[in-house]
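Mind having a look at this structure? Questions to follow.
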Amino acid sequence: MIVDSAHYKDGARQHDEALTPEEAAERAKTAESGEFVWIGIHEPEAGDLDRLAKLFDLHELAVEDAQNAHQRPKIEDYDEAFFIVLRTSHYHEDREVVHFGEIHIFAGANYVITVRHGPGSELASARQRLEARPDLLELGAASAVWAVLDKVVDDYIPVANAMEDDIEEVETDVFDDDVPAPTARIYNLKREVVEFHRAIWPLLRPLEDLEQGRYERVPGELRSYFRDVADHARRVDEQVMSQRELLNSVLQANLALVSVNQNVVVKKISAVAGIIAVPTFIASVYGMNFDNMPELHWHLGYALALGLMAVCVLALVAFFRRIDWL
Amino acid sequence: MIVDSAHYKDGARQHDEALTPEEAAERAKTAESGEFVWIGIHEPEAGDLDRLAKLFDLHELAVEDAQNAHQRPKIEDYDEAFFIVLRTSHYHEDREVVHFGEIHIFAGANYVITVRHGPGSELASARQRLEARPDLLELGAASAVWAVLDKVVDDYIPVANAMEDDIEEVETDVFDDDVPAPTARIYNLKREVVEFHRAIWPLLRPLEDLEQGRYERVPGELRSYFRDVADHARRVDEQVMSQRELLNSVLQANLALVSVNQNVVVKKISAVAGIIAVPTFIASVYGMNFDNMPELHWHLGYALALGLMAVCVLALVAFFRRIDWL
Amino acid sequence: MIVDSAHYKDGARQHDEALTPEEAAERAKTAESGEFVWIGIHEPEAGDLDRLAKLFDLHELAVEDAQNAHQRPKIEDYDEAFFIVLRTSHYHEDREVVHFGEIHIFAGANYVITVRHGPGSELASARQRLEARPDLLELGAASAVWAVLDKVVDDYIPVANAMEDDIEEVETDVFDDDVPAPTARIYNLKREVVEFHRAIWPLLRPLEDLEQGRYERVPGELRSYFRDVADHARRVDEQVMSQRELLNSVLQANLALVSVNQNVVVKKISAVAGIIAVPTFIASVYGMNFDNMPELHWHLGYALALGLMAVCVLALVAFFRRIDWL
Amino acid sequence: MIVDSAHYKDGARQHDEALTPEEAAERAKTAESGEFVWIGIHEPEAGDLDRLAKLFDLHELAVEDAQNAHQRPKIEDYDEAFFIVLRTSHYHEDREVVHFGEIHIFAGANYVITVRHGPGSELASARQRLEARPDLLELGAASAVWAVLDKVVDDYIPVANAMEDDIEEVETDVFDDDVPAPTARIYNLKREVVEFHRAIWPLLRPLEDLEQGRYERVPGELRSYFRDVADHARRVDEQVMSQRELLNSVLQANLALVSVNQNVVVKKISAVAGIIAVPTFIASVYGMNFDNMPELHWHLGYALALGLMAVCVLALVAFFRRIDWL
Amino acid sequence: MIVDSAHYKDGARQHDEALTPEEAAERAKTAESGEFVWIGIHEPEAGDLDRLAKLFDLHELAVEDAQNAHQRPKIEDYDEAFFIVLRTSHYHEDREVVHFGEIHIFAGANYVITVRHGPGSELASARQRLEARPDLLELGAASAVWAVLDKVVDDYIPVANAMEDDIEEVETDVFDDDVPAPTARIYNLKREVVEFHRAIWPLLRPLEDLEQGRYERVPGELRSYFRDVADHARRVDEQVMSQRELLNSVLQANLALVSVNQNVVVKKISAVAGIIAVPTFIASVYGMNFDNMPELHWHLGYALALGLMAVCVLALVAFFRRIDWL
């Protein structure tokens, strides 16, 4: 579905309504430097991409990649155009799951086509933000690439922070004796973190290339802006790497605490067993059948025996309390 | 066994039937740029390789390597020709084992010889796919190398995905209390993943060399195509690396859960032991032989004693239920 | 809040009182080489930064970063000026927590603006130390950058040492049988160490760039001074990395000791259980109702039975002592 | 002990009998390009090396290194000659230990001196193999270096494979419930693997230098041959690295299985304890001394009580069997 | 304290007695190429360094570093001179602790000042060894730097070997069932190894720079000698890295063995408990008060009951022996 399609010239959008792909291709062909069209697609239908591929002469390998999602994040330089794959992220708070979508960008000298799959990082806001900046718009199609990269990477930050919060909750649970060991939750967070790292990490090197001006077709004025994106991506990745390491340690601390906890249980049980065993032993003694057991014939023998048992129990309870087993 | 042998010229196969090696060598010798022969061999018999080595003047070290399988994946540049070793993969679903085979490629200016060992990645489909692309065929022998690389690397993807599925099954098992800890299965998956990484990883650097045009004899038009292969290989390798890390964490989570599980068992056992010990103690008390034990002479003494035991048992069951030990 | 604002020329401060931002901007504009103004801000209020941004023509991306704390440590080169982010550290001894603040530096040819967020590394002392060194002051604005970097990095050292002390305490606790396993404390230290590494590590590469003179606008005379800072940063980072590794090992040693400890408890409990079980068994024997049990009719039968029990208990105690279970 | 000493010229050995060191040095001095002497020494006696050092003018640091074994594998370029240290390996099957020896090579323009310490990789076969290749012999002393490197690295392969077999045995043992946990054996294998990696790894970089022709004095015709050696070394090292990782996982799986095993034991014990406790309880009940216990007076009371016990025991056995505790 | 101070010219020491710092500075000023003074200081007193700093015009940052120990190992190039920090090591066998000292070297064109803190690597022997080598002495001050580096790095070797021995002892202890788990000792060794690595590792890169001739002022004749030092440092570091990895594995093996050991104890205890429970049960049976219990009236009833108990105990002992629980 084509979401929006606009023609930008002299730092401003030329028409409010969306252009057809054919109109857009026409204008891209006759565009001068700093002038470009931006077509935004969400969940492309059968034929959408093929039609655009013909109109804009997109490289077959890029089109093939764009047709099925689950690509690796990358920036590929086909001499005539760039093909960029980004993974978008959206944190589903309830289920503590990061949903990943994808954005594919075809960026030529005078056109940008953005193809969005799945949830996360819708691009209308990126477009609006760019349209409010004539100085950047004037730099041509690369500014739209920046706007999309900036949006996608900025959307990583709340996801990383949400995971940070979850990790803190998990830590609290691990060290709280009244809560069962949250092993499965730790593992699931680990999984998310690994997946998230896989979404960000491959992007760092090509972003660095953009930052350091290795692609000649990208205007130098944008380098600071790409560096800003790269810097945010690096920050998120470093945060995610730290989370990964912390989750490893949490998993180990969790293991130690499970053992400690077991120790506590074993002690408690043993104390109780001991407390029952002693009066049972006393009862056994007075169950013996010797002829000559004077206590048996005392008038208060039974009461004294019960009393002895009670005293033993109380003494044992006190003892086990003191050594902290109960 | 020679599977197929064809002569390609002007982007098209010249004969339907297979050529003899001698015919193929003849045509390779007189071939012009963009013209080449492709001989495909499966499980070479004694003498096959020696015969081809003489006909095509293959380097002795490459021939020696090709004669016994179990080579390291690599792309070697003997000035006159390339020698390429690839590991093919095939996932055996039932036994959760990845079978690895090997493909060795001798690629000269006007000939390509592919030698396949073991199962996985049969090359007929790669050949067909290439024959449908005259534009690539015209670029000469390198296009056949691409076709084989593309086939082998694309065949890694379903294997990696199958392992992904197995890992998800294992995760479910680990966190399912009713299933015994799948330690052996986790370990076996780990083994597969390590082996798989060893098949892919050594290929990444030479693929990058191809992608960046470090080999002058490879036509520039193919660079995007080799980049596509390299990109897929990188994606699989990153997937495999994540799997490796996840399996490490699963192994640790598994250990924690085994301990938690043991804790649960110990609590249950202790509860039951306690529930038996208390009435046993009561019975011992009334087994004492004191003269003066009034309860013994009550008409309902026995019934009351049994009742007391039952009450204790029920109270204990309720108590242990509440503290979640039963 | 503007803390201080001064004009430096010919290696000396020109006025004791603080300049207004407008005055400072005026002087910066007309400044010659080696002459500069340094404005120090702590916890900037709304509008502070915008006002300075207009006066000194600061880059919008840098201003945006400076407005909200939680930036990644970095040195960014906007051709007209540097933007530097540093994380300051302050160790809160009681709670064993490192508090991190931030310092943002805008450094142009003739001005330095330092913006400090949060606690740690107040800069008055850095300014005083620099004012005592006319030879460095004469080198211009870069000397103020050095003074701040030097202060911040030197303040890392006591923090790292305090963590070193805490780790040593934790080690003592881990190996002391009378102290419960300090798992939570180990984990919290691990967290601090990871966070601390994240504050230092990203700074190492840009510091190395300064050390090796990659920024042409920085006077060569300062290279040794920046190398000194870089060297201290590296030392702290290496210390922190070692701490990280040690904490991992402590966590594992802790786990082993928890298990050993459990073993000791289990042995103790079992010994006691055995010690009770044996006399109970003896009592059971003499509770049997056989007609012909001669011991029952001995005059000293009961006393001998009790004696036998006592002997058994003593023998068992001695035995368990010898095998170190009690 | 000088094992062999020969003069090679025009691709052939000149004399069958061994030359004295003095004769060899004489011929080396007057040798033309492609002509060289090869002296092979095993376990040098006192004075051997000093004599050769004087005759061939060997560098003092190299001689010092060669005099005591336990050097790090390396290829050192003293402008007039190379000094090479290799670690040889030999797998002692019975004790599952890799024995390491060392070979030191002094290689000048017209001489090669090989000094072998300890067992493994005797060089007679390397010499024979080289003598069968006049085309390589003609390339001069470097061909002898290749022959030795090739022999040593090829001898790593059976060692790595033997360790592979041992690891597979260990895996079988770990997952076999009837075999005690082979912790010590896993650890010893780990030790071997670490040691082995230390023998191979330092060699990879200098071998790569040889492969890429960084040493000008080495004839270009040998580059493919050195690449072949480097490739084998890389393969073994990758195999060894995988083994290392697998052994880490085996150690962890082993730990999990020890815990699982303990769990099984605890369940079994508890089941048996429960099975005894119930009839004991029944016996205690009928040991009570109440006046009014009708069952006691039944003619079949005793038999019924025993029967009740038996029924309980059988029911419990069946129950524990069903929940898989017995 | 100034330990020694000498003037070297034409490869020989000029005076036996030590020069005063002022004399030394004088001669350094007028020295020609290949001529230098070497002042050795141990535990400098207040003022010592300031006096030398004035005489030899040492850089303030280097002097500041030299004044307080605990510097990071490094080689710093102040254009007029080098400042080198080395960590010396000394193994204290009894307490299994490595003591680290420091040596700081100021090395100009015609002077070398060595400042030693703490124990380990006293330099008199290094000076003597150098004085015996006129050929090296003639190369100037760099030869003294080499002599010190060589001494310090050679002194690492016995330390690394001593730790190797300790690790082997620890391994023996871990796998010896009669020795308690040496967790604390393993951890302490780990700590030593980490610390030791931190002393060596930072030196590797600057040593490589020396080896590859990156510092122009160092005579080329010394490159082989610096390479020899670098090679020894690399060897020790690789040894230490292996030790680190082995200690990690030992810690894990230790954990597994603690668990196995616990398992053994639990089995033993359970066996004993079972052996007591069975005769106790039998006694309980014959303590029942049924009217009709024929065995009770048998003349040998009691003896048979005791016999039955004995048989049960013996049978159980035999059974538990067979399944290896006792």
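Per-chain numbering from 1; labels A, B, C, D and E assigned in written order.
Everything below uses one rule, namely that contacts are C-beta pairs under 8 Å (C-beta built on N, C-alpha and C of every residue); 3 or more make two chains touch, one makes a residue touch a chain.
For clarity, every value in this text was computed on a predicted model and none was experimentally measured.
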Graph distance between chain B and chain C, where chains that touch are linked: 2
Averaged-CA centre spacing for the pair chain B and chain A, given as whole angstrom: 25
Geometric centre distance via CA averages, chain D-chain C, whole Å: 41
Contacts with 2+ other chains: residues of chain A: 252, 255, 259, 262, 266, 273, 277, 280, 284, 287-289, 293
Touch-based graph of the chains, sorted into line, ring, star, complete or other: ring
Cyclic ordering of chains (reference chain A, direction chain B): A, B, D, E, C
Contact footprint of chain A on chain C as seen in their complex: 59, 61, 65, 71-72, 74, 76, 78, 180-181, 183-184, 186-187, 190-191, 194-195, 198, 202, 247-248, 251-252, 254-255, 258-259, 261-262, 265-266, 269, 272-273, 276-277, 279-280, 283-284, 286-289, 293, 295-302, 305-306, 309
In the complex, chain D residues that touch chain B: 171, 174-175, 224-225, 227-228, 231, 234-235, 238-239, 242, 245-246, 249-250, 252-253, 255-257, 259-260, 262-263, 266-267, 270, 273-274, 277-278, 280-281, 284-285, 287-293
